[in-house]
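Mind looking over this structure? Questions follow.
Chain IDs A, B, C, D, E and F follow the sequence of writing; residue 1 opens each chain.
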Amino acid sequence: MKILVINPNSTASMTDKIVASARQKASAGTTIIGASGINAPASIQGHYDEAMSVPGLLARLKQAEEEGIDGVVVACFDDPGIGACREVFSGPVLGICEAAVKAASMISTSFSVVTTLPRSVPVIEELIHGYGLSHRCRRVRSAAIPVLALEEPGSGAREKVRDEILRAVHEDNCEAVVLGCAGMADLTEWLTEETGIPVIDGVTVATRMVEALVGCGLKTSKIGAYALPIQD
Amino acid sequence: MKILVINPNSTASMTDKIVASARQKASAGTTIIGASGINAPASIQGHYDEAMSVPGLLARLKQAEEEGIDGVVVACFDDPGIGACREVFSGPVLGICEAAVKAASMISTSFSVVTTLPRSVPVIEELIHGYGLSHRCRRVRSAAIPVLALEEPGSGAREKVRDEILRAVHEDNCEAVVLGCAGMADLTEWLTEETGIPVIDGVTVATRMVEALVGCGLKTSKIGAYALPIQD
Amino acid sequence: MKILVINPNSTASMTDKIVASARQKASAGTTIIGASGINAPASIQGHYDEAMSVPGLLARLKQAEEEGIDGVVVACFDDPGIGACREVFSGPVLGICEAAVKAASMISTSFSVVTTLPRSVPVIEELIHGYGLSHRCRRVRSAAIPVLALEEPGSGAREKVRDEILRAVHEDNCEAVVLGCAGMADLTEWLTEETGIPVIDGVTVATRMVEALVGCGLKTSKIGAYALPIQD
Amino acid sequence: MKILVINPNSTASMTDKIVASARQKASAGTTIIGASGINAPASIQGHYDEAMSVPGLLARLKQAEEEGIDGVVVACFDDPGIGACREVFSGPVLGICEAAVKAASMISTSFSVVTTLPRSVPVIEELIHGYGLSHRCRRVRSAAIPVLALEEPGSGAREKVRDEILRAVHEDNCEAVVLGCAGMADLTEWLTEETGIPVIDGVTVATRMVEALVGCGLKTSKIGAYALPIQD
Amino acid sequence: MKILVINPNSTASMTDKIVASARQKASAGTTIIGASGINAPASIQGHYDEAMSVPGLLARLKQAEEEGIDGVVVACFDDPGIGACREVFSGPVLGICEAAVKAASMISTSFSVVTTLPRSVPVIEELIHGYGLSHRCRRVRSAAIPVLALEEPGSGAREKVRDEILRAVHEDNCEAVVLGCAGMADLTEWLTEETGIPVIDGVTVATRMVEALVGCGLKTSKIGAYALPIQD
Amino acid sequence: MKILVINPNSTASMTDKIVASARQKASAGTTIIGASGINAPASIQGHYDEAMSVPGLLARLKQAEEEGIDGVVVACFDDPGIGACREVFSGPVLGICEAAVKAASMISTSFSVVTTLPRSVPVIEELIHGYGLSHRCRRVRSAAIPVLALEEPGSGAREKVRDEILRAVHEDNCEAVVLGCAGMADLTEWLTEETGIPVIDGVTVATRMVEALVGCGLKTSKIGAYALPIQD
């Protein structure tokens, strides 16, 4: 099975980290193909960045369709362009926010999310409202760090994420924590150890869930909203 | 007051029609500036078209910001890229779906929507869910016509829209009907007469509502999700 | 265009203030007719006051219908008697809570409301639930002042409102603040300056939104719930 | 225990019927005091009638408070003025819609409502949304009869109600039916026999539920929204 | 009228207390039959205990059906096995959580719940979500005591419950408090006096509400989900 | 990886079919251990059957915990006892309804469910409400067949399921269909071919999703509601 794990932004070091995480948790028979955004922002910090990353994402998915890729993970927690991706691709396409919050609600009765910048909080709240899981989400929190701080050793970013998780544990009455940025994927184990609460990374969960859908023979429904684009 | 009414697709005849509708209903002191999508699909029929129309839309809004435009109407019923538009622009930005369903709920207790293609139905349902008005929306219906059929005299498109509205009147127990495509703006009066139910066109409503927000001195909040893009 | 802005309570100084605010923001061609409640409580502080204000409100609207008024603003944040008003009047009728929260959700992803007395908090929460915007409302707050304190210079009421807005800014993670009482209309600009967050006054927003609906040729739907009263 | 069962409209024959139903099902030790609306419409068919009935209703409740009445049933399915009633009265006050739909959800997983006129359908839908039971309500239906037809022998009204219930049984997949008008209270047993589905009348259910609340020593909370009116 | 009040756990002292509370508030003509769980856990502290208590509960209800019992109260705040109980029994069956939160919403606009252990909080939140009253529930709180501490004089449990209610009063902006455990039934009056807020005990409310349903001639609907089990 | 796929009812032929489906779709390295309910009903057709199946299910899960099983699939579409299962087991536990509707919402914008008996419809509707996906579910339908008819060749059950799916396709405007009974697992491919719509079987999806959770190192959170039972 071949799965494309695409980081919609153009920061190669972040893609490397994401792909490494996906590979570490993928099944034995799965090939993970990594990709970065083309003509995309260096990080996705809001709706504008998200919108600007989507055309490149879609171009890569159309190529993936031709390459015989079986499924796609869109590795940005804003789940950019998922509907459009599902139109251009036959196999399952999953965003890491959707995967992570659905997984969280399978192993806990409530969860909090810890993301990077405050401006991403309402974006994620709206996604979770759309996925129907607002009643299971205690709070979406921000560690108040730029996305790319996660790429810089010594920035203190990982400690800030840990501290925000600890605040979630003490204040939110939550049973699990979801990492609200693909760039945190490599921290999952360390954060779990440091905080004592199940910490869920969307990159690995989405990878394994796409495997699951492909393994069941499920493809994106082409009846209705996700049919192939008409004009293209 | 200067309002940009932008049709995110590239079909100039549709833009002309939209702009004419906006001008017809705008206040005396308002200047309507029209624009079509650049490098955009000829029509927006699904998530992919929507996504591909957004970069051009955003480029035009950044220009509008520099030109001193006071407010913006995004004249496509899928409300494409609204969050991103609100980031790059200071004044109010309103999509025609949001404007129309909010107006509908001010003059009726329930409404149905009549759009073009079936594939747009779930897109619109999801928008209405996000706007919190699912409990006021009886049904989103499709007249089963391509968007551009509305541009072709003799295509029978307007009659199909009328007939679908009549079905809504008879089957949905609704009190108003919302036109689910910017390309229907010029049909509003005819449809109202033919069907006997209040028919709401998002283009004119959004234009007047943006006027309203500008007139009250309201601008897009730059605290939080709609702050200026960081990297741009 | 002629718009009736009616303060359902009987306090003339409050009506004057409300009407002045409406006039200040209304379009050039709009005539604002002001009115106070007849046989109404001096202020509306709860369901009882609200109920007692409605018959006078309806009598005035029936008169307005005969006078050829185009639209009506009900200038009390509890949106009293709106359904009944829509039955007796042909043009659009809008309450200031509905107008303000819908406007707030057009320029921000979340808002808090600051009202006068604590007892009004659940009344407003229930309204917002009905309008479908609970997921966009961070919190309804009270400045713990009687409505009429807003009429008394030196009462400290305006400072208390400001302080509560500042608490909203610091504690609620909101992007805009809605003023939860018609009697605060004159404070909007001062509060915006003092607090640095967009402050939304329902009186002016409702006035301009009624203008918008009238300008688009929209009237209250007479099919269904808002049909003329049968026995009257 | 003394319970006031008040019909907010002024039609004495309807009051008699309502009071007889309440007495028939009340506990042995309960005294039912009946009352009609004063200066009220002959029937309540919409928001306007509802609003006009409330001041008389409130006056009667203030008198009831002085008379030592223990609890109140407001016997109109639109639940008019309930919030205001709860402010002026110490004991429990219950509307028949709230009582009936809560009872229905205790003995079934879903119910439909059959009311009189189509214009009441959205009013009742909004009430049920407020009570949080929309997900348990299959459909609100109208038998297309004026309220007072229920007072006229030979009007065919009762047969129309029965036929609408049968339609609910066949089309709605519901497990119980709620009668959506106080004037149907005397038909409950006949309708149950004719239709074979549990038929719930709000008048009797509300009477017994108010008995229940009084019997438990519960009174309307005077902390917050239902505190005594301030100015009165 | 004969009502079975069944404590699903096996602790006889708790059953005695529950039955005494039910008897104290029941109507004159009502006979309360008490029962403890058979082969049941000593207390119900979570889903597992709940599940293990249900077969014994169902066996007792089948016996009750043969004994001509008119209605049943399941006296555990987790409302265990209510759907199954409604299948095997003809008369009304009510859990104390459902009864209490529905009563709370009849006498207040918002309530908080105080339960025993933290692990019961999400269980109760999910129940309230299912009953459609999340928007009326400020918070579900835990007094951090094991259920059986309520049976031990000198354990300090009742004081902890009181203190948690006081925290609800000060922090939650609630108008009533619901006791989240059947074992608190005997504390209702004392807690009301100590805290000054209406305190609602589900045992007594459910008993009186079952009386109400039986008194109205209502039985569990046997059309659909609550039909008799097929294989039994 | 070892996954227990447990059919909570006692019908061995159904277990065999379920286990065969799970094995067919499981990853290469996964061992599927099958189990039937002990002291359980022959089929689960309602709340009572569900409740009676749970103690045996829990006993088997405790054994599984000792045997080092990594994850559990509860193969009944009513998702019986999932909360209790999550308390007694360390690894992920997933019901097939939850798995299937979450998967359906990953590959489509809306789905319908086709189950066996009408009495299961409200049970499933309530589950989907709890999972937050009511807005994505068009309709829960019944093929009007007893569960065990699926075990009898020549019963016509499979044709009835197919016909009901075709009705869903034509009437519901859905994009996918979820099979609402574990006993339909072996029909998935045939039904997909016959109906032309993506057909989702919960057994295989749940198996692969449990693999996914285990593969990511996720276990049931033991903080809060799913902590180990206290008394056991």
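What we mean here is this: a residue touches a chain if its C-beta (ideal position, glycine included) is under 8 Å from a C-beta of that chain, and two chains touch if they have at least 3 such contacts.
Since the model is a prediction, treat every value here as computed from it, not as a measurement.
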item: Any chain that touches chain F and chain D; value: B, E
item: Same-site or different-site touching of chain D by its copy chain E, using the half cut; value: same
item: Size of the rotation, in steps of 5 degrees, that lays the CA trace of chain C over chain E; value: 120
item: Centroid spacing, where centroids are CA-atom means, of chain A and chain E in whole angstrom; value: 42
item: Centre-of-Cα separation between chain E and chain B, whole angstrom; value: 51
item: For chain C, residues that touch 2 or more chains besides their own; value: 86, 109-110, 118, 121-123, 126, 129, 134-135, 173, 175, 224-226
item: Arrangement of touching chains [line / ring / star / complete / other]; value: other
item: Set of all touching chain pairs, with the criterion as stated earlier; value: A-B, A-C, A-E, A-F, B-C, B-D, B-F, C-D, C-E, D-E, D-F, E-F
item: Residues of chain D touching chain F in the complex; value: 109-110, 135, 173, 175
item: Residues of chain D defined as touching chain C within the complex; value: 41-43, 45-52, 54-55, 58, 81, 83-84, 86-88, 118-123, 126, 129-130, 146, 224-227, 229-232
item: Chain A - residues contacting chain C, complex; value: 118, 121-123, 125-126, 129, 134
item: Of chain B, residues touching chain C in the complex; value: 25-29, 86, 92, 94, 98, 102-103, 105-110, 131-136, 173, 175-176, 189, 197-198, 200-201, 204-205, 208-209, 211-213, 215-221, 223-226
